[in-house]
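Across the two complexes that follow, chain A remains constant while its partner is chain B and subsequently chain C.
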Partner chain A sequence: MQKLGDFKLPQFFNYPPYFTLQPVRDTREKQVQLWKELILDYCRTQKIFVIGLEEEFPLFSNPAIERTLSHEARDAFLLALVSEGRAEWMDKGHRKCLILWHRIQDWADCILNFVKDNGLEDSVMTVEEIRSGTESQGTDLHGMDRTVLMRALRLLEHKGKLAIFKGTSADDEGVKFSI
Partner chain B sequence: MRRRPGIGGLQTAAAARDQYRLLGENVAKIRTDLMTEQLATFRSQLEEFARKHKNDIRKNPAFRSQFHEMCAKVGVDPLASNKGFWAELLGIGDFYYELGVQIVDICLATRPHNGGLINLQELCNLLCQRRKSAREAVSEDDCLRAISKLKVLGSGFEVISVGKKKLVRSVPTELNKDHNEILELAQAQGFVTVEEVERRLTWSSGRAIDALETLLKEGLAMIDDGHRDGKRRYWFPCVSSLSSSVGVDSLKI
Partner chain C sequence: MAGNYLPAVELTGSGRPVFLPGEIECSLLSSVDLESEENLNFPRFKSGLLILTTHRLLWLPDTAATTTTTYAAVAVPLAAIIHIFSPKKSLKSMFATPRVRFQVSVSPDGRVAENLGSGSKSMVITLVMRGKNDCDAFLSKFWEAWRGRAWESQASGSTGGESRDGSTVGGVRTAMMAGVSGILRKEQEMWESTDKSLQEAFQDLNALMSKAKEMVMLAEKMRLKLLSGSNIQTSATNDEEMGSKQEMQDWLLSVGIASPVTKESAGALYHQQLSRQLADFVKIPLERAGGMINLIDIYCLFNRARGTELISPEDLLRACSIWEKFDVPVMLRKFDSGVRVIQNKSHSDEEVFARIKSLVLKPDALRNGISASDAAMILGIAPAMAKEHLLTAESKGLLCRDISPDGFRFYINLFQEIDPNDVYL
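Then we have the complex of A and B:
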């Protein structure tokens, strides 16, 4: 089985026609489904949050069978993820895509669990600390995308679970938990 | 002294006829009895055989196939009914009904990928993967038997031969001769190009394209425009072994 680093690639990745957008509806649905799962799986295990459509991305080509996804195909697969709420375009030109391998809601739950596990229910933390502090090491939160983290925090703020306050510069926004 | 015709002569002749008839009946009866006895012996032997080799029949696919062959030769169908001696003794009916259900499952689950046409070998592999927990091994012969039982349902399960391979069809698509020839051609590399079809089968361009488009629409083919020679390839998941891994994940029920 072919591998990308420690990621085990599915068999369909070695079947050339899966790199061409299929014209027949049923076949295409299956194709899109497989690619969606692959992209989410890969991003989850590799902690990737942003895919640039015009940039090199390991999944977009398979040198072993000399196939590369066309721009149209990349767009179609990501569009399918967007329509399911598992991704979001970051610009109007569909050049960059934010991959939500956890939905914002799930990220929010991750944060809540993290807070409870570490007894931080009434504590104050900076956003940077959540992303890269020692407490979050070994959790999905560690090294997560700042945009996604902020979105999840705002959702929790909206629910009254915490308050976000501004520091003096952009990178030291603080969070006061009140769970 | 010349014997004259008389009542005595006629009676003698009649008596002789009767004797012959009786004798004939006797012989026939003896023969029938003998046959019945032989059959009874045979049946009991077969039963004894089945009982003795019950485990082999259940576990060893090659042995099972030979047992079926033997039964077929003497006109016994152990699968004819789920009730009765054979089923009770061997549970063999259940075995095939179970296989049948699993085959239908696999065919349905892989249909989006292969368009409802699957290589028998492939199907058998998937079946074995799926039955990992079950102790009995399954052979292609078992698959064929189970599929033949599915015909009763009238759902159009059918085994077709294309070239050297056997394919199991689970959709009512009729494949004509042209389609079969293309599938046969595709077995070499897993794909064909329009050019190749024209050249190898000496068809007109229209005929080749038409047949390929039909196969595409039926979901039996997938296009591939990614090769660097720029020629469109038509791939057939049903003749390549890749279909085993695609779709098998969705089979974990």
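Then we have the complex of A and C:
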């Protein structure tokens, strides 16, 4: 079985047509579906949040069969993720794509579980602490993208589960949980 | 009932008459009636196609008008014609439908036939030309053909007349020709005359054109000879010889259409007749190409067979596009890419797909896919054609493509078989 780092690649990764955008509708639908799942899987295991279309991305080429996805194909597959709400373009030029391998709602649930597990129901934490503190180690929250985290926190704030306030330092914000 | 008076004419699958050896078309007229004023029992042949050849006057029922063919196609041998009447020039004839009258010899039992000695009667047949035809031009061609007496040179020629005239020639075979020595002598004579006609033919182009008919006959004969020869010696000959023989046969086969339809002879009916002749012609190349052939290839083959009477690509396209109106077994097909081909109506894509499928399932093709030229080589068709087949198979979901620096290749479509819930098979 071929591997990309510690990520197990599926058999069809060695199937050359997998790397050519298929023109026939039925075939293309299936191809897009397979790519969507592979991208999400890969990003989840590797904790990748942003894919740059113009940068090297290990998943988009297979040196074993000497195939690389064209820009058009990358755009098509990511666009399919965006239309399902599993990704978002970060700029109008479609150069960077934010991958939501958990939806914002799922991230919010993650945060709630994390808070409950650690008995932090009425505590105060900084945003940076949630991302990189010792408490979050071993959870999906550890090392997560700040933009995604802020969106999840705002969703919870909207639901009245916490309050966000300006911290002491200018670039950090604090969170007061009230679950 | 027509057979009582006039001999019937055999037609090809596309409705063209089958010509006698050496027979060439001179003129075609539409909407012509055939009648006999003196014989009341003579059936009325209404509004048909009249074809003047060097040997016969053919009358074909109009296929477009009568779906139920009440009359069979008939012919008047020019040999049976005793006299062609000059048209009466009068004020009345200027306004009436043009008519051409001629006298034919009739056997005692009422049949129109040639070479009857004493005791034969005669009958006057009138051609009534209802269409917009040039009557005078036809009449002069009619005279020309009748005076040319092409049928006589045919009957007396030693090389021709094997199949049709064989019965009449056989009767006058002399004792000199009997036995092995006779056969040898005949063979020798034939070789000499063949050699002579070959030499004469290449002296200049005019001579070649006048010899074209003989060359076609020669080619046909040689082909038959090769065919019979290979049947006898199959066990003795090795593959290479068989191959070259086969090749030789193919060359000879593509030599000629003895009587090409021309604008001159067919006039307004040109495209229609060309279309029918083409339908007859494509049968053999189609068979060899596996039921489908590129329009360009047919253009080359057809013009080659026509020799000097070349047609333009536009004429070919028009001839193909009016096939829809006739009951012919071939059709013009346009692929999505714009490539146009001729194919048998019975040709099925399924069959081709099955062959392509077996091709891409070979272990080598599973790994590396196939290119259009690979497919062309294995299927024995032109690369452009192979690509069309592959693209059609792709659009049906049978194949999928792989575009890489190595080129454009096709693989069996595995996408539908991959289970998204279990990608690690």
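In this text, the second predicted complex is superposed on the first by the 175 of 179 C-alpha atoms of A that agree within 3 Å, B and C clash if a C-alpha of one lies under 4 Å from a C-alpha of the other, contacts with A are read in each partner's own complex, and residues count from 1 in each chain.
The working rule: contacts are C-beta pairs under 8 Å (C-beta built on N, C-alpha and C of every residue); 3 or more make two chains touch, one makes a residue touch a chain.
Predicted model only: the values in this text are computed from it and were never measured.
Visitor: After the alignment on chain A, I want to confirm one thing: do chain B and chain C clash, or do they fit together?
Guide: They clash.
Visitor: Touch test for A:K8: chain B only (first), chain C only (second), both, or neither?
Guide: second
Visitor: Mind working out whether A:Q22 is in touch with chain B, chain C, both or neither, as first, second, both or neither?
Guide: Once the two structures are laid over each other on A, A:Q22 reaches both partners.
Visitor: Tell me which partner A:S178 touches in the superposition: chain B (first), chain C (second), both or neither.
Guide: neither
Visitor: Which partner does A:R67 reach: the first (chain B), the second (chain C), both, or neither?
Guide: After superposing on A, A:R67 lies in contact with both chain B and chain C.
Visitor: Let me test your reading of the model: by the given contact rule, A:L34 touches which partner, first (chain B), second (chain C), both or neither?
Guide: Touch partners of A:L34: chain B and chain C.
Visitor: Which chain A residues contact chain B in one complex and chain C in the other?
Guide: Looking at chain A, the two contact sets intersect at 10-12, 15-17, 19-20, 22-24, 26-27, 30, 34, 66-67.
Visitor: Which chain B residues qualify as touching chain A in the complex?
Guide: 112-113, 115, 191, 216-217, 219, 222-228, 233, 235, 237, 240, 242, 244-246
Visitor: Per the contact definition, I'd like the list of chain C residues that touch chain A in the complex.
Guide: Against chain A, chain C makes touches at 369, 394-395, 397, 400-406, 409, 411, 413-416, 418, 420, 423-425.
Visitor: Which residues of chain A touch chain B in their complex?
Guide: My answer: residues 10-12, 14-20, 22-24, 26-27, 29-30, 34, 66-68.
Visitor: If you look only at chain A, which of its residues touch chain C in the complex?
Guide: The touching residues are 1, 8, 10-12, 15-17, 19-20, 22-24, 26-27, 30-31, 33-34, 37-38, 66-67.
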